[in-house]
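The following pair of complexes shares a single chain, chain A, combined with chain B in the former and chain C in the latter.
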Partner chain A sequence: MIALAAIGAVTLGTLGLGAWGVRFVRTTSDLLVASRAVTAWWNAAAISGEYLSAASFLGIAGLELQLGASALWQSLGFTAGYLALLLFVAAPLRRFGSYTIPDFVEARLNRSWIRPLASAIVILISGFYLVPQLKAAGLALQVVTAAPYWVGVAAVAAIVTINVAIGGMRGITYVQAVQFWIKVFAISVPACVLLIHFGGLPGRAALFGDQLPRAPHTLVVRLPAATRAQFPQTATIEIGGRDLTVAGGTVRTLPARVPIVIGRGTVVPVAEGTTPQTGATWSRAVGGTSESSPVLVYSLLIATFLGTMGLPHILVRFYTNPDGHAARHTTVRVLSLLGLFYTFPAVYGALGRVLTPQLYLTGQADSVVLELPRAAWPGTVGTLLGALTAAGAFAAFLSTSSGLLVSLAGTISHDVWPRLRRERQAGMSVRRLRFRVAAIVAMVAPALLALVARSIDIAILVGWAFAIAASTFCPMFLLGIWWTGLSARGAAAGMVAGATIATASIFTGLTLGGGQATIIGALLAQPALVSVPIAFVVMVGVSLRDRESVRGSDAMLALHAPEGLGLRLAEDDLDVPAEVAPRRM
Partner chain B sequence: MEVILGVLVGWATAASAIAALRLIRPPRVISSEQRAMQEALHAATATLPHLRQGLSAESAARTVGHLRTLTQALAVALVDRERVLAFAGDGFEHHADAEWLELAGRATRDDRLQVESRIACSHPGCPIASAVLAPLVVRGERVGTLLALFAGAWRLTPEETRTVGDVASLVSAELALAELEAQSERLARAELQALRAQISPHFVYNALAAIAGYIHSSPEEARELLTEFAEFTRYAFRGRSPYVTLADELNYVEKYLRLERARFGDRLEVRLQVAPEVLNAVLPMLSLQPLVENAVRHGVERRGRGRVEIIGRDIDADVELQVYDDGVGMDNDRAAEILSGRGSGVGLTNVQARLQAAFGPAYGLEIDSTPGRGTTVTMTLPKFRAGVRAA
Partner chain C sequence: MSAEREPPPRTPPRRSRRQELWPPPLRAGRGERASRAELRAGRQERATRTELRALRLRSPRQELADSTAHGEVYLRRLRRAQLQLSLLALVAFGAVFGVMPVALYLLPQLHGAHLLGVPVAVWILIVPMPPVFIAIGWLYARRADALDAAFRELVEK
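== the complex of A and B ==
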């Protein structure tokens, strides 16, 4: 109940903040104060707020619980992506002035036919990214209120759609910046309180030693569906009042909705598909299990490191920076803010392994952040802390999915719709109406997919969105910004190749079922290691062969020439307070 | 999991079925005429983007090969009034540029083709025997010549000559389009010049008079205002780029308003509400200030007091700027007149023309006004448009 109230408060707060965000500034001189109030820190918090999604808030801790420390590579990659953005993309892109990715592609390559392709990829990436957000929402509401899975999906889809369609994303910089700090608060406070309560990490043998996770006290588990469970060691559990002793290494089907009692100190059985690990293998960063094979880890790192720059909803946030210099400053601050946030999910994974090992049996590792406080510390404090993490998780879904939906609806209403109707010139009111309709239409497919994709880990779903971004827009940005020879045909061929290979591998991997034991299996699960180089090679190769390639010298100048070559009158003036003596002119 | 699998299998089946159908269907036969037509059309369209940039050595070099395909000549050259721009045709490099120019010089008439059927080349084995000289004429003025060279002892067929003539007309038409585009850009610049010339007299007089009023009562204030005034003019007459960021333009509006405040004092109430996300949008220089000046002139000046509001909204990929005044207002006919350029006011018409020249007819100004209830002028612009760049 408290959790539901906290979620409601966060949701209403988000909606209200948008309305309140830009308020009237009475005098003219306040305008300059107001416009300069969007400092690099505000911008950085806004970008981080939009970026930190369900994958960061719930997914990483869940994956860590399940796979071990190797899952933390994901948080590393999520952060390091901004390093790539800082080094290669942020400042030139801001100087170029483009708002959306299709804007950039069209203007840099100077061909209008490539715009629909870029728009299609934006839709693909945003759609892929939206599914795990909705999935997480369904899961979170299920944990908090025991409502069916689809209720949460539908609720968040509806809230986000209404918010975006009625134009609730005004003052988005402030709203997202506040959201960021809500998330940091919601994830850090429970983590710190729990660590203090337990006096550091308990059960170190299961984390770093040779122990398997054992029940910290008598656990009573009710499975949502009959589950095949693997018993790593001989254990005696009580099912519906009858004792059952199972030998180590065997697999048993446990019934649904019957209380299963696991006595204190008993090694907890794990759902089939999850590898039982001792503390030593669990805490190994690479190579502990097949899921942390070096190929998979590197592929994931490449996807996240290079994929961040291709996320459509993130790049539009950079538009608020006044110039390339400010864009760099903002990105450095984003790195530090994300670094701060990502310290905490790791704590939940580790505590969850010791304090809520029943999640290994239920297979709902993604809910560890939500369940841990209540399970670890029964009573008012645990309930309050649980409400806090639930509210933070909702802030994460709302902000990221709103940003994604704005990108999706904008692309559909600006690029797809006019093409379908064969008309480009429509007035403001028509464009606004189209945007609203597009927002509603765009939510349908991801919501349906989220209902289907219930069994796939959030972090893995998000990894795919990153893989597609890394195999399409990343080579386009890197070559488009740093190589004059990139031709439109080359860029198109590379993006199509990257998108096709990445998507095809992901779906093939899905169809064959998650066996990642071999290198091929790992690459099917996370194809970036293959698809990114192929996209680069195709782009360079086709561009070199393309004799019609246009040297984009004007575009290059716009990308790389420092600002201030032109007259920056306003900036000089801003720095001089009104009291100073007459200006020398 | 099963559902995903089902969807995938269904999708794959459908895709295979479509592919199979396409394979089974008999291939469409393309006749040789159709093929020739296609090739010609392709060559013609391939010249378009290059010639749209005007006649230069670069654009000529990119198009001359296609022109050769179109004319079916041995070699084709594009010549302007002074030099040979480009040349296509293998094995004829031994002809010096001077020869081409001399040949082009033989075309004396601007309005018709000329056939030179006796060309004697001293180079051994040179097959060229005749040439068609087609003038390229843009707006009645000759800008160059298209030379098409043919082999053979016989006279040229009329068809060959006519083809060269048609190709020359095509090139001329494309060059005329390029000229038109360049002209509309010049026009936009000229309009900015016109605006600069006409905004100020009224305002300059009032501002200077107001400053004069302060010189005795508060010299410090007067000095500040004069500084503002100097900066105001510096911005208005800067000349590098016709575009500025909204932040720069607002800064300028602020200076303008401070000078107006010197006149009206507290009787002029100004409210601003601009989303920080739109401050980096790029718009034609001096396009917001005339709207504000208009609001002050019609909304405040006549009554001696009033309120002006400037609102900037972030709407997806667009920016919406509104300037509102609570002044006398006007009826819809007059508003329509102003926007269409038939009205007496130059300021708004000029802004509308420049906005639409930069962003197309989907963007620009809208006036919403009721007599006695005030006026709202709404300006919409995209957050990004290729080629529109500040400073």
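== the complex of A and C ==
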């Protein structure tokens, strides 16, 4: 109940602050002038706030519990993505003044036919990224209130849609910045308190030694569905009041909704598909199991390192920097803020392995951040800390889903809809109505996919969104910003190739079933290592063969000349659709 | 302000940091105009007085604003310098972090060795890596700003 109250407080607080903020901005300040008042630290916190999603808050700890220390690569990659953004994209993109990715593609390549393609890829990436947010919402509400999985998915989908459609919490810098600090507080305080409570990490043998995870005390588990469980060692468990001894190495089907009692010190069985690991293998960052083969690690690192610059809802945020210089310095601060945040999820994965090993059996590793405080510290303190992590998790998926839905609905209402209706200009009220309808429509497909994708880890789902971004927009940005020879046809061919290969291998991997044991399986699960180089090669190759006259040098002035020299267009000349413009206070 | 705008002393010719970074272009790639040096050398004797004056008065800013060949050269230098800096930072990042998966794969003893009960490999990933990212980013941003400032100084001269 306390957890539910905390979630409600975070939700209502954000919605209220957002609604109030919008009114405040409308009445008191002019958009562009006011942006000068936002300091780099506030901007950096806002970018980090929009970026830290369910994957960061729940997914990394869950993946660490499931796979081991190789999940650390994920958090490092999520941080390092901003280094790539800083080195190659931040300042030129801000100087160019494009507001969305389709705007940039159209203006840089000087062709209007390429815009629908860029819009389609924005929709693909945002959609892929929304699914894990909703999945996390369903899981979180299930853990906190024992409601069915679909309730949480539907509730958060509805809240976010209404919120975006009404216009509250639309990328307001200060609201997003506050969200960031809420998330840091919610993940760091329980982690530190628990570490102090245990005087460091307990159960080292299961973490780094030769032990398998054992029940820390008598565990009572109710499975949501009948599960085939693997027993790594001979164990005696009690199912519905009757003792059952299972020999080590065998697989048994355990019934659903019957209390299964695992006595203290018994090696916990794991759901089929999860590899039982001793502490020594679990703590290996690379090469411990097939899921941490070097190929898979590099593919994941490339996806996260290069994919961050292609996330639509993040790039919009960079527009709130007054100039290129500020964009650079904001990004450096983002690096330090993310570095701070990502030290904490690892604590939950490690403590969860020792204190909540039943998650290996239920297959709900993603809920470890939510379950851990209560399991580690029964009583009021544990309940309070659990309420804190639940509230932080809700802050994470509310802010990220809202940002994603804004870019989805903006793209649909601004690019797709007018094209279907073949009209040129629409009035402000018509555009606003379209934006609202688009927000509702855009939420349906991800919500349905979230219901289907229940068994897939959040962090893996997000990894796919990064893989697609890395194989489409990343080569387009890098070549478009630094190479005058990029032609519109080359960019289009490369983006189509990258998107097709990445999506096709993800779905092939899904239909073939999770076999990451071979190199092929690893690349199907995380295709960036293949799809990104192919996208680059196709882009360069087609551009070089292209006869169309390439006039990249005009764009280079706008991209690279510093501000304040009277060489560039005034900012007021830019046409930013008002429905999607970030509010600056 | 106007009092400070005195013409700089002619001699001795001071070679500033800006000139090291941005020596005046001797010859533009596809230039329509011959450079000042060539005109002075008298290789093009038909150059009139007015043409000479026009050349002398054209600032880098005008060259850039009119996107002449000279302006393109100035801008290309800036872009190249920035790209070199970015690639240098990328190499530094690759050398410290990019080699890490292979290094940890090839040196399993890093997993065996423990420090305070936690494998050294895990320490390496958790503790020094984020500060390394921040340091690379911070140094890069400083140098990139310096390149921009040098370019600005050139144009506003």
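Criterion: the second predicted complex is superposed on the first by the 547 of 585 C-alpha atoms of A that agree within 3 Å, B and C clash if a C-alpha of one lies under 4 Å from a C-alpha of the other, contacts with A are read in each partner's own complex, and residues count from 1 in each chain.
Simple rule for what comes next: a contact is a pair of C-beta atoms (placed from the backbone, for glycine too) under 8 Å apart; a residue touches a chain by one contact, two chains touch by 3 or more.
As the structure is a prediction and not an experimental result, all values here were calculated from the model.
Q: Scan A:Thr343 for contacts with chain B and chain C and give back first, second, both or neither.
A: A:Thr343: touches chain C, not chain B.
Q: For A:Thr320, using the defined touch cut-off, is the partner it touches chain B, chain C, both, or neither? Pick first, second, both or neither.
A: A:Thr320 contacts chain B only, not chain C.
Q: Can A:Leu201 be said to touch chain B (first), chain C (second), both, or neither?
A: Second partner only.
Q: Between chain B (first) and chain C (second), which does A:Tyr298 come into contact with in this model arrangement: first, second, both, or neither?
A: second
Q: Which partner does A:Thr331 reach: the first (chain B), the second (chain C), both, or neither?
A: The answer is second: A:Thr331 touches chain C but not chain B.
Q: Report for A:Leu86: first if it touches chain B alone, second if chain C alone, otherwise both or neither.
A: A:Leu86: touches chain C, not chain B.
Q: Determine, for the superposed model, which of the two partners chain B and chain C contacts more residues of chain A.
A: B
Q: Who does A:Arg431 touch here: chain B (first), chain C (second), both, or neither?
A: A:Arg431: touches chain B, not chain C.
Q: Return first, second, both or neither, reflecting whether A:His414 touches chain B, chain C, both chains, or no partner chain.
A: Once the two structures are laid over each other on A, A:His414 reaches chain B alone.
Q: So which bits of chain A does chain B touch that chain C touches too?
A: 565-567
Q: Looking at the complex, which residues from chain C come into contact with chain A?
A: 61, 64-65, 67, 71-72, 75-76, 78-79, 82-83, 86, 89-90, 93, 97-98, 101-102, 104-105, 108, 111, 114, 117-119, 121-122, 125-126, 129-131, 133-134, 136-138, 140-141, 144-145, 148-149, 151-152, 155-156
Q: Touching chain B in the complex: which residues of chain A?
A: 22-32, 34-35, 37-38, 97-100, 103, 106-107, 110, 167, 170-173, 319-322, 406, 409-410, 413-414, 424-428, 431-432, 435, 452-453, 455, 507, 510-511, 513, 558, 563, 565-570, 573-574, 578, 582-583, 585
Q: Which bits of chain B are touching chain A when the two form their complex?
A: Against chain A, chain B makes touches at 1, 3-5, 7-8, 223-224, 226-227, 230-231, 234-235, 238, 240-241, 245, 247-248, 250-254, 257-258, 270-277, 279-280, 282, 313-318, 320, 360-363, 366, 378, 380, 382-384, 386-387, 389-391.
Q: Which bits of chain A are touching chain C when the two form their complex?
A: Touch list, chain A to chain C: 69, 72-73, 76, 79-80, 82-84, 86-88, 91, 200-201, 204, 208, 280, 283-287, 294, 297-298, 301, 324-325, 328-329, 331-332, 335-336, 338-339, 342-343, 346, 482, 553-554, 556-557, 560-562, 564-567.
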